[in-house]
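Structure below; questions to follow.
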Amino acid sequence: MKSITRVLTSVLFAATFAALQAAAPAALAADKVTFKLDFSPVGYHAPFYAGVSRGVYAKHGLDVDIIPGNGSYPAVLDVASGRVDFAFADTSVLALAALKGLRDVKVVAMVFEETPYSVLYLKNKGISKPADLAGKTEANFTGSGVGQLFQAFARINGFSTSGIKEILSAPPTYLNPLVVGQADFAPSTVNQTVNLRGLAKDAGNDLGEFRFIDYGINIYGAAILANTKTIAEHSDVVKRFVRATLESVQWAARHPEAAVDELRKTNPQLKKDRALAELRAILQVSIPRGASAADPLQLGWVDEAKMAHTIDLVRESYGLKQTVDPRALYTNAYVAKP
Amino acid sequence: MIPRVVVHYAPATILAVVVLVAWEALVRLFHVPEIILPAPSQIAAALVDPSVDWPHHIWVTGVEVVIGFAFAVVFGIAIALVIVMSSFLGRVLLPWVLLAQIAPKIAFAPILFLAFGYNQLPTILITFLVAFFPMVVNTATGLSSLDPRMKDLLRSYQASRWDVLRKAQFPTALPYVFTGLKISSTLAVIGANVAEFVSARAGLGFLIINAQVTFNAPLAFAAAGYLILLGVLFYALVALLERVTMPWAIPHRAA
Amino acid sequence: MAVVYLSNVGKQYQTADGVTIEALRDIHLAVEHGEFTAVVGPSGCGKSTLLRIIAGLDRASAGSVEIDGAPVAGPVASAGVMFQDPLLMAWRTALDNVLLPIEVLRRKRAAYCERARELLALVGLQGFEKRYPHELSGGMQQRVALARALIHDPELLLMDEPFAALDEITREQMGLELLRIWNETGKTVLFVTHSISEAVFLADRVVVLSARPGLLRAAIRIDLPRPRTTRLRGLQRYTDHCQEIRQQLGLIV
């Protein structure tokens, strides 16, 4: 008698569950989201690709389509227009867009707590401190964000940029003049530098680096961006996306080599040693609490004062008069205070 | 007895070998930085690197080129027909055709991706825009190049405008169309490449950009090498098609 | 009844700068069945225009043009045309070129295939049916053009300086060929030329046009026996006819 009851209960339970499944809205199936990167996939994008290949996003009910990018600015615009749901783009670029009137995009989770920007220079050109850069030749490309922020770098480190000559070329090969010695220095990022220094050394040129964070610039780097409309209408999706992404970031911080292996599943053309070096450089400079944070959601917290400072530095570098309320550029609703 | 094929292609091959050897030697001799100019040996290694899914990337770009080119040919010839048959419509359409050609695709590509999404549709559209102008111009020129006395001859047999078009203008236009096809096919490769530079998930253009941002010059050059190969293959196919389609033009063929 | 009848035909046209040119004025001409009529005159005398009007490719500004008693309103199938340039289609074989008028006139091609071969044989090109124009000499191309002009069995053959582009020796040979074919087919021929000797040698009657405006100066009956042979070029009568025409053209002062 007992076994029949058990069987009937199981059948009833299964039937109810099936009925519920059939009646449930489509939201039970994974939500499809698009996620645009700041650049073509490189080592520091490993957390995102690992999030997909390890099923972290899937676990949170998300089907994430990662779209390789071609600059932070286009990525910001894509979110603003609604063409993509989320973007990974530099906060200073978002600030610039906001200062120019863009209102619909917010940071929903910080990722690069510190900026990865730096200045690369040739040691044999008599440069040992930032002030030595005055009057030298710079390799740059038009529209370079870090190139523009160099203005603030110069002011903070007490030298003028007025005497500096520029060699402009197209991204992403704008550093070539520096490699062959035609230029003395160039704005760059720590992930680029880590590999370039080795390659330049092979060519007989010793490159030094002034990292922005070591020379008085503490601003935010790249973050997860979303449209205010998405935040208003699909808050749950944003919450899950932020959680899954930050979980992935922490995992990558703790297991960088495995993260690069995951990255190389979809991007096998990336060289493992270079990608790993890129990731490690970014983890060290821009995500310092990545491995140690007690809760991955703490990694995404935005401090109002630091956001204000980031905006101010952009204003100064671009010579802009208008202002924007820092609180308009982010929300901490999906993250945790460290 | 040396086979004729060998004799025919020997000079070009020898020159290519000489260039490659000189390149390799110069790069090593002058310690040219790898990221500026890699050695042929490094590029060759990248060409066959198993960790790069070459077939996939070549296929992705190849599909974009073929479809974009196909549309360029169909629309290009169609527009040329309209321009030649109706001077009114021709005046209306020609500025747009010119605009499509002259407008810098690099500037407009992001807008197209914004409009159509991050997939291959805008890429194919850009490929089409880059490739279709030569088809229009060459076909229109060809259709208009008919000797007016031939038109008289046909008219003397009470030929309609359609008869003249079908029997005389089309065949007269054929050599011009093939010239257009040759130019367009190579432009289609360039167009797909330009589009991929702006946005792509895969493809030879994607590889070039990705290689550049990771300072992997051998990979960038290898991807470019496959692109060149793709372009050459297309050109050769068109030339072959020309030879098969126009047996009467053999003494007049130049390239 | 005349095959071709022109009465008071005049032709004027405007140039791009608004100047009125009178190409032909007050032309009276009657061409009989089976007659070989040559039209000769200096360049600009309107002889080609005259031919085009008869062919229906141009309209006369004044007067009437009739073929077989019917007014000419457009191109008629009862005429076959030949120009100075053979105007063969490079992408068609000789046979296909000959059959072109049949296709344009929407007649059954199969019914004329045999006729096309016969005509090619008639013009001396048997065996060349599958050749492309670029494989044929200038003279041979003109023969194909002649076969083409005859394919739909027109009553009237209009020829506008068909041998002008050929060298003199080939020209004379082609002339003899033409006479042979004319003799075998019995067509009515209107032959425009700027060569006085050619006109005299070939024609039954030579119509002389002067230039600007194109006026019909004379229609001279040629008194030479048929069949015409090269030997006849040595006769006094031949020379006299040529001189007569030159006189009409005002060349002899």
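Note that the chains are named A, B and C in the order they appear, and that numbering of residues resets to 1 at the start of each chain.
By our rule, a residue touches a chain if its C-beta (ideal position, glycine included) is under 8 Å from a C-beta of that chain, and two chains touch if they have at least 3 such contacts.
Bear in mind that the values here come from a model prediction, so they are computed numbers and not experimental data.
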Central subunit by CA centre of mass proxy: B
Among all chain pairs, the one with the most C-beta contacts: A-B
Whole-Å gap separating chain B and chain C, where each centre is the average of the chain's CA atoms: 49
Between chain C and chain A, distance of the C-alpha-averaged centres to the nearest whole Å: 85
Euclidean distance of C-alpha centroids - chain A vs chain B, Å: 37
Contact footprint of chain B on chain A as seen in their complex: 34, 36, 39-42, 67-70, 74, 77-78, 81, 83-84, 172-173, 176, 179-180, 192, 195-196, 199-200, 202-204, 264, 267-271, 274-275, 278
Footprint of chain A on chain B - complex, ascending: 31-36, 49, 51-53, 110, 113-114, 117-118, 197-201, 206-207, 209-216, 219
Residues on chain B engaged by chain C in the complex (per definition of touch): 147, 149-150, 152-159, 163, 167-168, 171, 174, 246-249, 251-252
Chain C residues within the chain B interface of the complex: 52, 55-57, 74-77, 79, 81, 83, 85, 87, 89-91, 100-101, 103-105, 132-134, 152
